[in-house]
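Shared between the two complexes below is chain A, which pairs with chain B and chain C, respectively.
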Partner chain A sequence: MNEGRTTPPRRVLRNLSAKIASIPMILTATVVFAGGTVWTVVHSFTNSRLLPRLNFIGLDQYERLWSTPRWLTSIENLLVYGGLSLVLQLVIGFVLAALLDQKIRFEDAFRTIFLYPFALSFVVTGLVWQWLLNPDFGVQHVVRGLGWESFTFNPLYDQSIVIYGILIAALWQGTGLVMCLMLAGLRGIDEDIWKAARVDGIPMWKTYLFIVIPMMRPVFVTTLVIIASGIVRVYDLVVAQTSGGPGQASEVPAKYVYDYMFAAQNLGQGFAASTMMLLSVAIIVVPWAYLEFGRRRS
Partner chain B sequence: MRDRFSIAALSAGVALGLAAPAMATDLEVTHWWTSGGEAAAVAEFAKAFDATGNKWVDGAIAGGGNTARPVMVSRITGGSPMGAFQFNTGRQAEELIEAGLLRDLTDVATKEKWAEVIRPKSLLDGCTVDGKVYCVVVNIHSWQWLWLSNKAFADAGVPVPKNWDEFVAAAPALEAKGIIPLAVGGQPWQTTGAFNVLIPAIAGKDIFLKVYQDKDASVAAGPEIAKVFKAADDARRMSKGSNVQDWNQATNLVITGKAGGQIMGDWAQGEFQVAGQVAGKDYTCLPGLGVNELISTGGDSFYFPKLEDAEKSAAQEVLASTMLSPATQVAFNLKKGSVPVRGDVDLAAANDCMKKGLEILAAGNIIPDTNQLMTEDSNNQLNDLFVQFFSTPSMTPEDAQKRYAEIIANAD
Partner chain C sequence: MTDAAILPAAGTSSRPAALSGPQGPRPRRALSVRNVVIYGTLTVVAVYYLLPLYVMVVTSLKGLPEIRMGNIFSPPVEITFEPWVKAWATACTGLNCDGLSRGFWNSVRITVPSVVFSIVVASVNGYALANWRFRGAELFFTILIVGAFIPYQVMLYPIVIILREIGLYGSLWGLVIVHSIFGMPILTLLFRNYFASVPEELFKAARVDGAGFWQIYFKIMLPMALPIFVVAIILQVTGIWNDFLFGVVYTRPDTYPMTVQLNNIVNSVQGVKEYNVNMAATILTGLVPLIVYFISGKLFVRGIAAGAVKG
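Let's turn to the complex of A and B:
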């Protein structure tokens, strides 16, 4: 026992309690996340139906997936919804934050109001907006009641614009959080920078655009990750608002995965679809991570 | 007062406990019967099972089969099975049986001579795998019905149609009065169901069997099915404006006279009954769309997962035989709007529509249900196709038929 004390502690034993405490998380990450991912990818090459089976059939599930009109619609919807919601949430969130940053009165009250929708789940958000956008009770009904008889605002029942109806609800729900993150970032900017810019006579919008925003890079990255992960997994909002309808006009990939894994009792097809979702995320994340973290090392 | 009641209840329980050899055991039964008519029917099962001294623990899952089935399957595969669960009669439980997760009921079946009392025989065959019986078929539901609102046609000033063609011809008169001719809900299975009803009515029973039983893709791409797609095109035009989701909301449009008719299985009858409507007076039913009078023998079955608990296993047997007892069969099916699986029960209380169904059944004009012929996977692909077809006016019947034939070719 005495010998142990005299020799310097070995590296493995350093911070032993911290290492023990992180074992559950390491196990979760490797077994549940990595293990589950590998298991899913492997089974996507099988013809598993209701129960998983290891009966390999090559790329058949993927061939079927990419020849299914519903999957193609889902991908298209995800691109439209994802692109627009990413850009709009960032722009609206930043503008709101910049406005709140002008040392206005009742800032706390406004912040609370803007952040409130985020406290609601997607399901509740979806139901609320389903009613608001319903032509028989919602916005259209109210405006027509005010006398504008020909007013038509009916996105959830129109195949060509239904995805924008979902986008509205998503923006309403998510922008508040983006605003708060941005506001925190703005508050982190040193007052002296503003003073210096004012002394140099740089207009406010230019200061924001060319000085403040580049300085807020870490905040933007965090926000981007949060928004993007929300986009890829969008499911409950669509189910609550339209259940993928009218027809299949508002289908999304996550819903395809769920429907084929469980309702259609075809695990293989669902796994193939979820592997494609993983792949598309990887295509975006891997080059970005390489640029972001790889550069620093060299 | 309250004490006296509980003493009475207790003594009743003791009396029943003495009468029935089974111990009082709680058994959870999951199903997706949540509409008015369905809930009334399932209450009959609960009443009959409670009377045996056991306790029915109701595990209703709202949202229909597509929502409920995954929940049930994950409970069974996840190791916390319920006492019994409902599936549609057919291939939905195929893999659970193969995996050995469900209980073999052969003993009860032989003891109670199910092979003799259940008709048509094909129903019990559907429950039998390798000579062992795995499920209790509780009713016969058929899809092939056209429900018409007498009020809607009176309002439009045209006589109530006697077949599909007359119905299509009457559609403009209904539309002129602001009545939706054909109510179709947005749930995908409804449109597929309607199409599958049109096949035997328009193209005949043989074509139906060639497509779904033999999976003959050349027939599915052929001229007979092309005619069916033309009819589906009519149906699509007639269903414009029915902005409802659930089937019972669509039925409600017919009940209130806001829609002329609906193609829906005989479970819709339960809704007419709950609304206090009388067959022949308030509504009219046309089996086989009035063209080809035949019905399919789908329906609901109960399956029993293997349980560790011996008492619960015993209660499962009691439940299985209770569900098939003549008295329960009559009480349940009258409320459900379906036909009993026993040929030896008295159905004097049946209404006109149900009697029509019984006659067709007795005459043997039956076809298997698509659930018995196709896997859930193929059915889901058909759902995807038809929900798109019905909601996209620009999709031509020819394009839809091409995809239809592909799905049939890949079905197993």
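Let's turn to the complex of A and C:
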């Protein structure tokens, strides 16, 4: 490097413009992302209520958190909603992508239709499905009107199944994205592999199951991580569709955090709950990052 | 022209060539079982996907009595645009009765500067990362990407404190900064990967000619990167317009973005539920991202794929 000839003070000034240009990134990375996370975790061990205070009380906030029925409901909902939406989105998304990949006509039209809900916000999604699932006017009412008088499908007013009502809306909104990612993955598969499988007389479903899907492992893993980190964050959909009700039956962790931090003015609980959310994301992301980037290095 | 002249001749003399076996793909009958299954499934799913949009539109065009009598799927007997007017101009949230228009303009005032600011910052950042590496740059970038996975809830309150310290809490500019912060990981990644794919010779030639950091950015990189800027704009406009959480945390009721105001209008507990007004308001809120989606087409897909595939 030519700059090596100059005197040491120049080292700081080297690439000065690039360094100045990177200041927003450096501040975001260190102050907000790293600093903010540490700050929240540290304050989750305090008894902060209206204002953040460094008055440490050990794990009290966590003990209280895990003995609060509302938090337990939230976690249970998240597991049911998360597990089902993960599996269903992957399966439906892949099947749709595979169907679109059959060199069909109107592919663009179908894709446009499957993806448009993804452009809409969760608030809009939640409100539409709130209307569609309205027991007095929506699907239940229409089916009863067709003559099936005893038909009952009332998820938004039934505590035991309300989370499935939210699931339906979430699938409608998000599956298009999964389909798109899967389709991109399928298009990346070498045409020769299909030809070879056909020559060997392997039926199509077997080719998908035993050859194509294993080859698409990276796409599946990436999609999984994207869906999973979205699931943990689910908030506006619930707020719009059910406001956590009926009762507390459709509460989710993100809503618990918001309500305790900004409405109940119990900051410590909010911090503890958000730290638990961080932990759950770490459980998903860290093994993935380790596999993905650890392997690449070797 | 020459092809057309040769074709008939080729047709008559093609007998010997035909002996080498049939050419081209096997012709398929239009109504094979396979086609029925594929198109049948796709059509059923497409109907499921379109139904909510249809119901929204139909409901918003009916009068309240008709909604109470009929079913949600039937087309309006008497089309009325009153719900739309009411949703836009006179629907109430709390004490304000000036409709969604307030939220719409708030959202415009939030989205435009946020999109511009976040993209300017991220593109310069990505350019610096791709072409002007300095010690520690990769470390900060890694933190940034890892940070993209941290749930927002973890950083909500620290940002409240930061914004309060610099006196922007509750203001529009505070929210602009928040959107720029949370858009940064994905956008920086997008631009970094794009600029890294630009041939290095181009960059070196400019360096030899004595061009500096900003000159190369504005004269060479920026004009080349226009498509990626469009992708970034699409990504940011839909993302920021659709945001609810940051809007509700970092703004005050009179600067609430459209999504928050929509939720307050529809889920308010007082008064008679006006389903047609609610649906009109819902469509109005979804309209901007929908228009962006339908106009941008393939670029939208490219944007979300860019967001998905790690570099």
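Rule of thumb we're sticking to: the second predicted complex is superposed on the first by the 264 of 298 C-alpha atoms of A that agree within 3 Å, B and C clash if a C-alpha of one lies under 4 Å from a C-alpha of the other, contacts with A are read in each partner's own complex, and residues count from 1 in each chain.
Methods note: a contact is a pair of C-beta atoms (placed from the backbone, for glycine too) under 8 Å apart; a residue touches a chain by one contact, two chains touch by 3 or more.
Given the structure is predicted, the values throughout are model-derived calculations rather than measurements.
K.L.:
Which of the two partners, first being chain B and second being chain C, lies in contact with A:Trp131: first, second, both, or neither?
P.N.:
Touch partner of A:Trp131: chain C, not chain B.
K.L.:
Of chain B and chain C, which one contacts the greater number of residues in chain A?
P.N.:
C
K.L.:
Which holds for A:Gln159: it touches chain B only (first), chain C only (second), both, or neither?
P.N.:
first
K.L.:
State whether A:Gly245 touches chain B only (first), chain C only (second), both chains, or neither.
P.N.:
The answer is first: A:Gly245 touches chain B but not chain C.
K.L.:
Which of the two partners, first being chain B and second being chain C, lies in contact with A:Ile104: first, second, both, or neither?
P.N.:
It touches chain C, and chain B stays clear.
K.L.:
Tell me which partner A:Phe262 touches in the superposition: chain B (first), chain C (second), both or neither.
P.N.:
After superposing on A, A:Phe262 lies in contact with both chain B and chain C.
K.L.:
So which positions on chain A get touched by both chain B and chain C?
P.N.:
Shared contact residues on chain A (touching chain B in one complex, chain C in the other): 243, 261-262.
K.L.:
Write out the stretch or stretches of chain B touching chain A in their complex.
P.N.:
Against chain A, the touching part of chain B is residues 66-67, 69-70, 73-74, 77, 92, 94-96, 99, 186, 243, 245, 375-377, 379-381, 384, 387-388, 390-392, 403, 410.
K.L.:
Along chain C, where are the residues that touch chain A in the complex?
P.N.:
38-39, 41-42, 45-46, 48-53, 55-56, 59, 67-68, 71-73, 121, 124-125, 127-129, 132-134, 137, 140-141, 143-144, 146-147, 149-159, 161-162, 180-181, 184, 188, 212-214, 238, 241-245, 248-249, 259-260, 262-263, 266-267, 275, 278-279, 282, 285-286, 289-290, 292-294, 297, 300-301, 304-305, 308-310
K.L.:
Given the complex with chain B, which residues does chain A contribute to the contact?
P.N.:
Listed in rising order, the residues of chain A that touch chain B are 49-51, 64, 68-70, 157, 159, 243, 245-249, 259-266, 269.
K.L.:
Given the complex with chain C, which residues does chain A contribute to the contact?
P.N.:
Residue list for chain A touching chain C: 14-15, 17-19, 21-22, 24-26, 28-37, 39-41, 43, 52, 96, 99-100, 102, 104, 110-124, 127-132, 134, 137-138, 141-142, 145, 172, 176-177, 180-181, 184, 222-223, 225-226, 229, 232-233, 235-236, 239-240, 243, 253-254, 257-258, 261-262, 267, 270-271, 273-275, 277-278, 281, 285, 289, 292.
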